[in-house]
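Labels run A, B and C following the written order; every chain starts at residue 1.
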């Protein structure tokens, strides 16, 4: 199954990047994507279970507009702090907290989401402890917040 | 509207020079890596703008894609290299002076 | 369509200005990562989106392909930039750079 997925992905990339539709280029792409998917399909999809994947993918895609809005707010926040004359609200600090998320993929998505939301950036995950750098006092108080709930629901943990 | 894109490109160049100031001043090697990474992201966008100005987007977009990949790999390699460089860390090379604005 | 593309490009440029200012003015390396990680990602996304829209305006199939490639760069940057940010900040934490706090200044 994962051979098929890797092959479809690779062939899509080939067609997009070459942009030529004659027989020679299409056949060449077919052969090389077949080779790549035969050799290294276990790199891309390490987990062979396919069943619940589609539902997670759909919920994750529904999550993307919200994260885009958060990034927009985050960048505005950073730019406004950088424009202040003496940066009075800047009070950086390190925050440590424990997460309730268990699966690796949800931890990774949570860490990336923390990095992209206003005023916080993930430094390290060790076990289930997050080390986060917060830019102001207000953003340091907002962790872990509602985002953990959302991500837990996407990957079916809560 | 090529004039608009020329203006944007020149503006990006100015911003890249300002970022180069950060990459030049440091004070630590990690700060330099940040500066280079930010310049690389701006270059990716600048290459597409150059393509639009010259009317050859189809060619420049491939160069831009390759540059984005290269920039990502270079940043990761530099970060990993300095992370595992224990000698530098123990002699305190990174900590020699604090940047107090 | 062209006005929308121009708005996106200018918006992305404003975010780039914010990134550069933050990079120059913030006191320590961790705060600079905030500027580089967020402002750069959103600035590049907006600018590339605007350029992809501009590229569509005299409609042709090759133009659609080029726009799709620009969107591919955009998606790649969206995935790669937070990863690179995390790699750099982890390396800095590992080498023992102390975070700057408000109490350091008199």
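As a convention for this text, contacts are C-beta pairs under 8 Å (C-beta built on N, C-alpha and C of every residue); 3 or more make two chains touch, one makes a residue touch a chain.
Computed from a prediction, not measured in an experiment: that's the story for all the values here.
Comparing the chain pairs A-C and B-C, the larger number of C-beta pairs in contact belongs to B-C. Nearest to the common centre of all protein CA atoms is the CA centroid of chain C. Between the Cα centres of chain A and chain B there is a gap of 22 Å.
In terms of their C-alpha centroids, the spacing between chain A and chain C amounts to 16 Å. Centre-to-centre spacing of chain B and chain C amounts to 11 Å, using the average Cα coordinate of each chain. Contacts with at least two other chains are made by residues 58, 62 of chain B.
Shared interface positions of chain C, defined as residues touching 2 or more other chains, are 17, 19, 25, 27-28, 33, 43, 62, 65, 69, 72, 83, 90, 100.
Multi-chain contact residues of chain A (touching two or more other chains) are listed as 17, 19.
Considering their complex, residues 1, 4-5, 8, 11-12, 15, 18-19, 21-22, 28, 30-31, 33-35, 37-38, 41-42, 44-45, 48-49, 52, 57-58, 61-62, 64-65, 68-69, 72, 75-76, 79-80, 82-83, 85, 88-89, 94-95, 98-101 of chain B touch chain C.
Of all the residues in chain C, the ones that touch chain B in their complex are 2, 6, 9-10, 12-13, 16-17, 19-20, 23-25, 27-29, 32-33, 36, 40, 43-44, 47-48, 51, 54-55, 62, 65-66, 69-70, 72-73, 76-77, 80-81, 83-84, 87-88, 90-92, 94-98, 100, 104-105.
Residues 16-17, 19, 71-72, 74-76, 78-83, 87, 90-94, 111-112, 115-116, 119, 121-124, 131, 133, 135 of chain A are the ones that touch chain C when the two sit in their complex.
The part of chain C that touches chain A in the complex is made up of residues 14-15, 17-19, 21-22, 25-28, 30-31, 33-35, 37-39, 41-43, 45, 62, 65, 68-69, 72, 82-83, 85-86, 89-90, 93, 99-102.
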